[in-house]
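What follows is subunit A paired twice: with subunit B in the first complex and subunit C in the second.
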Partner chain A sequence: MNFKHKYMFLLPGLLVLLAILIFPIGFTVRLSLSSWDSFYPGLDFIGLENYVRLFTDDSRFWEAFGRLSLLSLTTVFLQYIIGFSLALLVWKEIRFQRLFRVLFLIPMMTTPVIMTVVWRTVFHESLGPVNDFFSLFGMQPLWLSSEILSKFTVILVEVWQWTPFMFLLLLAGLLSLPKEPYLAASIDGAGPIRTFVYVTFPLMAPISIGAIIIRLIEASKIMDTVYVLTSGGPGTSTETSSFYIFIKGLREFQFGYSAALSITYLIIMIISFTVIAKILVKLMVRGE
Partner chain B sequence: MKITSSVSLLAIGAVLLAGTAQADKWSDQFPHIKNSGDIPGQCSYEAMSKKDYSGQKLTINTHAVPVMGEPTALHAEQFSALTGAEVKVIHTPAGDLYSKAMIPFQAGQTPYDIVFGFSNFLRDWKQYLQPIPAKYVNMKQMQDVTQGHIDVNSWGGEMIQFPIDGDRHYLKYRRDVIDNPEYQAKYKAETGNELRIPQTWKEYAEMAEFFNGWDWDNDGELEYGSAEVMKKDDLMYAAFFSRSVAYSKNPRVKGGFFFDLETMEPLINGPGFVAALTDWVEATKYVPPGGMNFGLGDEINSFGGGQTLFSYSWDDAFVAAMQDDSPIKNKVGAAPLPGSDRVWNRLSGAWEDTYNQAPYIVWGWTAAVAKESKNHDMAFDYLCFFANDANHQADIAIGRFGVNPFRKSDFLPEIYVKNQGWDPEIAQQYSETLLEMEEGSTNLVFPLRVPGVFQFNSAVATGTAKALAGQLSPQEALDEVAVEWKKIVKRIGADTVREAYAIGVALEDSE
Partner chain C sequence: MSLFYSTLKYLAVTLWSMFVIAPFLWALTTSFKDFQSVTSGATYIPWVDFEPTLDGWRSLFKSPAQGGIAIVEPFFNSVIVTAAGSGISIILGTLAAYSLSRFTFRVGPIRNGDITFFFISQRIMPPVVLSIPFFIMLGKLGLLDTLFGLVLVYVVLLMPIAVWIMVDFFNKVPLEIDETALIDGCNPYQAFFKVVLPNSVPGIIVAGMFCMIFGWTDFFFAFILTFTEVQLLPVAIVALNSSITPWWSLSAAALVSVAPLVVVAFVVERYLSKGNLSGALK
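What follows is the complex of A and B.
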């Protein structure tokens, strides 16, 4: 087989890659340099005008980005803590271990949009069961229409939905850990807390970093929960970057501008995740 | 628009009621029209049964079930049975109707023969739509449509969208409370004011506050003052405009409600709009818990379920309240939107201390045929069949269908008494309120129908949502909206926006 034949075999894969990855990104970049909207459809060329508008005249995007950072970091942190705890719980031999493992995975298997509709009903402030309960104590918390509580509700729904994913990854990591370090710790007389701090946690660090980064990538795209639960409100208090891009692109039909938002967002995300991964490695693996 | 004489209206009604066939072979086959049977006309069941569209396929993009989606699917099934056509109905959430049609339109594709949407999409969609052929425009069925709704579906005198629904915002209230002598006395004793149908937004607020948070209908549940669409991006801008018209639509000032037509300067941050938003922020105190997150569905369920004293927006909440399964059937009333005891005059730059009221003919459901569709005849026949007399009479009786009155004959109270079991007094009040808004007022406001309408409305939603959430004061919020509107006008081009806006202003100023 000569050199050219090798490329012939690679060609189908390369074409698929080109069609589903390179072309959309290239087209989005081109779109971001146009003024395509509901009134002027077409790929005209306006240079960096959309990017200039974004950096000089669109504080709402940056506010949404700040909110996104808060929501995604908080949700992933909580998911990690809870997911790790649950994984530790069913790691060892306990009664109904298999049942618990399946139960903990159920939220992840449900459809996010449908579950968010259910949550919206549960937290409905005048008709929902949660406030029915709180009204027994003379309280009616504004789960969806208070600036602070609405963020909490979004976080809660996200944590409920995606903690099982973290649980699954961490449980798989725990099950693959070698037995020897635990034997050594046991011989040295280490209790469960010391064993966790000095053996389990360090051994799980690479898996933890992977799980956290995967979840951060997903959490940074949070859209359906916000869309269904609060529409970004009250005011703009739960509006995230992806929801804002959705509004500009598919509600207001500013395709060119929303493409510029998407490209900027993508670049920021790539840089952010690279930095976060380095920090996590430093903290969790090297212990610096 | 001239006032239609009661005589001609009665004559139309008499003809319609007289012509109403009772159970016939068509109602046996299609129980949906069991109350009226088929009604003769160009697109009646009988007429459609003579068409043969076998082997042809019609694709329709419509709203999700039930509002408009359910009647679309039902009439598609009937149309298919009558003509042999294969009709595919695709259901889309309201927020995506615009883009789902617009994306293929712009890309030169025609996945849908018929697109359902809102009448204010018209300016952006019109170049992709086939104007309604003269044979439909001139048919008897269309002559029954009110002039206001002919205007809403037309652009520059040419009808482009097919009238299938009529919409306006009006006040809904609990008659069993407002007309209750005991509550009238209690209200008078405690506030010194008369308990009556609110004439102004100030009265609306006072009454809503008084009846907020206690069990005034003795059903064991707390009731509240008002249910309103306040959820961001969920049609809230339309609710805001309903509250704004009384303060900002001055009948003595021509040349634009949203913009000054001459300069294209936004008027949205003027004192009239600010006064309305200030009222609206206050309203957050007398809506049910979580009312600030109420979308249209919540508003319908809240008022329709007997939770609030007042509501205002589309017909749906009223129709839901008047359905047989409603706990408050025949306990509700309809009235024009409240007015104000002052109105802003932007020319003199001062408030005029005089009573003002303005009906808001808000946009509603409509449907149109894609210009590039290969099935124009079949598509127009479907729409004509959708809105034929028998289907229309049956559709407006079902609240969840979202089909509301838009024909002169719809304003006959007898229809609601006979077909839907409404109290005659309520039916009379409902019909008079709607007809008065359509044909009696000379101070109408039409919805904004300009290029990029979604950008303008989205800016209003964001600004007003910030004010409701307390993030900004009403003036700050509307100043922010005005700045955004100026940017949109600049991007699209002042002349382009002006040209489109002038058509709506001409309708308002010709009153």
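What follows is the complex of A and C.
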């Protein structure tokens, strides 16, 4: 089916998106070649100076990027394991099935930044309930102000917030699986574990890959949680790429330099996602 | 299934459910506290551990000058921006998704898949990358700190989601539906609006819910692009998160902001159980 009016359907959306986006993207590229900051606002041209600075004299950016990789890979891995387990648990007959499904979905419907404010009170080191519990054992862990534990807290909040999304995608996938392979497996006398390994997991591989990539994309933007929970602290121990770009751009107003950071970051991300997608496909669809 | 297995199963789902509910319960009990009961350490049960008050809930309706946070206006600003942003994204996204699913585009090396990818790839960009140029662009257009400016930004944020879900959905709507309509003498527009669209309501509802979730929960753009005239709910609540945080108002406000979308969780579950979602999410 093909006709001349097909563009009438496509163009409204495409043009609106382009119209709103073309300036920001073009402008960011141009901005990255200028020295625009709060002292000398203006689009001068300094060539690739910002990029040279980024690659030779900014270990903080690369550390933030390493931290982002660690945080996002860990959270998405945990979300996948937990989300898949939860989806399997409420997939088949279980009492209160619908109630559990609704409960498992709820965190993703809540505003991350607002729930993080609540989590901050939960993990408050002297007045929060978590340390109230730990003080029973004479301990006062520094959930928000020690270098290692603050990372743990950020991961915990992210897992709480976004496991439901993984759960939703995977459960929707499970519910759409065909019945025949399961019949065949039960005729062959396969137990639940063998059925999972040889039937469910391979059938779910494409959906799993999609869900993991989507979550990685969203997790790489982690910003709200860090901003509210720790403000990147203590020191820079929870500072991620987005947060570092935010500090350079909107706190220190080094617009030119932060634009260079943004462009570099985007290019790295697009390459990483392509590579990750390829690796995942290899790992999960082996033997086919 | 053995008793051991099923005990383990129920234990697991119960534990996770408790983890999910915990912060809400804490917010609920905190919302009835006052300065005294917050600063005297963690307390849980009203009347037993502390004397409940309604100060936190009352402060939602007082102006900041009276020590409140005046949540009503930000709440409706959020409703307007989310509804408008989602509405525009769904309309434009559904049309674009239909054309990408049904027609073949060939512009140089660009094919359908590339156009779809262009739409969806907008989600890769972290908000912080877009926020600076948006700040400057909206400033030039005189749209900073206005609802209209935010709606424009939200369309960019939400249209990729609408296109992503609707392309997959239309790919599963059988072509025969369109063809029958065309044979019956409809032109392509009539075929779409009179026949395909009515059959696509489940997909549109799912896409709409996702747009609502991501619009309602956005913080960063509203935080950067508005100041005093227009305040959205998340920004108003996070503004309370300072050195002397009024935990009681904050908890009450958090619960109010979360409530509307909990309804969405029930709707999503309903579609999930009926199997309509599996077609729209893959």
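Basically, the second predicted complex is superposed on the first by the 271 of 288 C-alpha atoms of A that agree within 3 Å, B and C clash if a C-alpha of one lies under 4 Å from a C-alpha of the other, contacts with A are read in each partner's own complex, and residues count from 1 in each chain.
The working rule: a contact is a pair of C-beta atoms (placed from the backbone, for glycine too) under 8 Å apart; a residue touches a chain by one contact, two chains touch by 3 or more.
Small disclaimer: the values here were computed from a predicted structure and weren't measured.
Of the two partner chains placed around the shared chain by superposition, subunit B is the only one that A:Glu125 touches, whereas subunit C remains out of contact. After overlaying the two complexes on the shared chain, residue contacts for A:Ile217 are found with subunit C alone; subunit B is out of touch. When the two structures are aligned on the shared chain, A:Glu147 is found in touch with subunit B, with no touch to subunit C. When the two structures are aligned on the shared chain, A:Gly232 is found in touch with subunit B, with no touch to subunit C. Taking subunit A as the reference, the larger set of touched residues comes from C, when subunit B and subunit C are compared. Judged by the touch definition given at the top, the superposed model places A:Arg251 against subunit B, while subunit C stays out of reach.
Once chain A of one complex is fitted onto chain A of the other, the partner contacts of A:Lys282 are absent, as it touches neither subunit B nor subunit C.
Of the two partner chains, subunit C is the only one touched by A:Ala259; subunit B is not. When both complexes are aligned on chain A by C-alpha atoms, subunit A residues 126-127, 131, 250 touch subunit B in the first and subunit C in the second.
Those residues of subunit B lying in contact with subunit A across their complex are 95-96, 98-99, 102, 106, 124, 224, 231-234, 288-293, 295, 301-302, 307, 451-452, 454-455, 458, 462, 465-472, 487, 491-492, 496.
Subunit C meets subunit A in the complex at residues 9-10, 12-13, 16-17, 19-23, 26-27, 30, 38-39, 41-42, 44, 88, 92-93, 95-96, 98-100, 102-105, 115, 119, 122-134, 136-137, 152-153, 155-156, 159, 163, 175, 178-179, 182, 188-189, 192, 213, 216-217, 219-220, 224, 233-234, 237-238, 240-241, 245, 247, 250-251, 253-254, 257-258, 261-262, 264-266, 268-269, 272-273, 275, 277-279, 281-282.
Chain contact summary for the complex, subunit A toward subunit C: residues 1-3, 5-10, 12-14, 16-17, 20-21, 23-25, 27-28, 31, 82, 85-86, 89-90, 94-95, 98, 100-115, 117-122, 126-129, 131-132, 160, 168-169, 171-173, 175-176, 207, 210, 217-218, 220-221, 223-224, 228, 241-243, 245-246, 249-250, 255, 258-259, 262, 265-266, 269-270, 273.
By the touch criterion stated above, subunit A contacts subunit B in their complex at residues 35, 37-39, 41, 57, 60, 124-127, 131, 140, 142-145, 147, 230-237, 247, 250-254.
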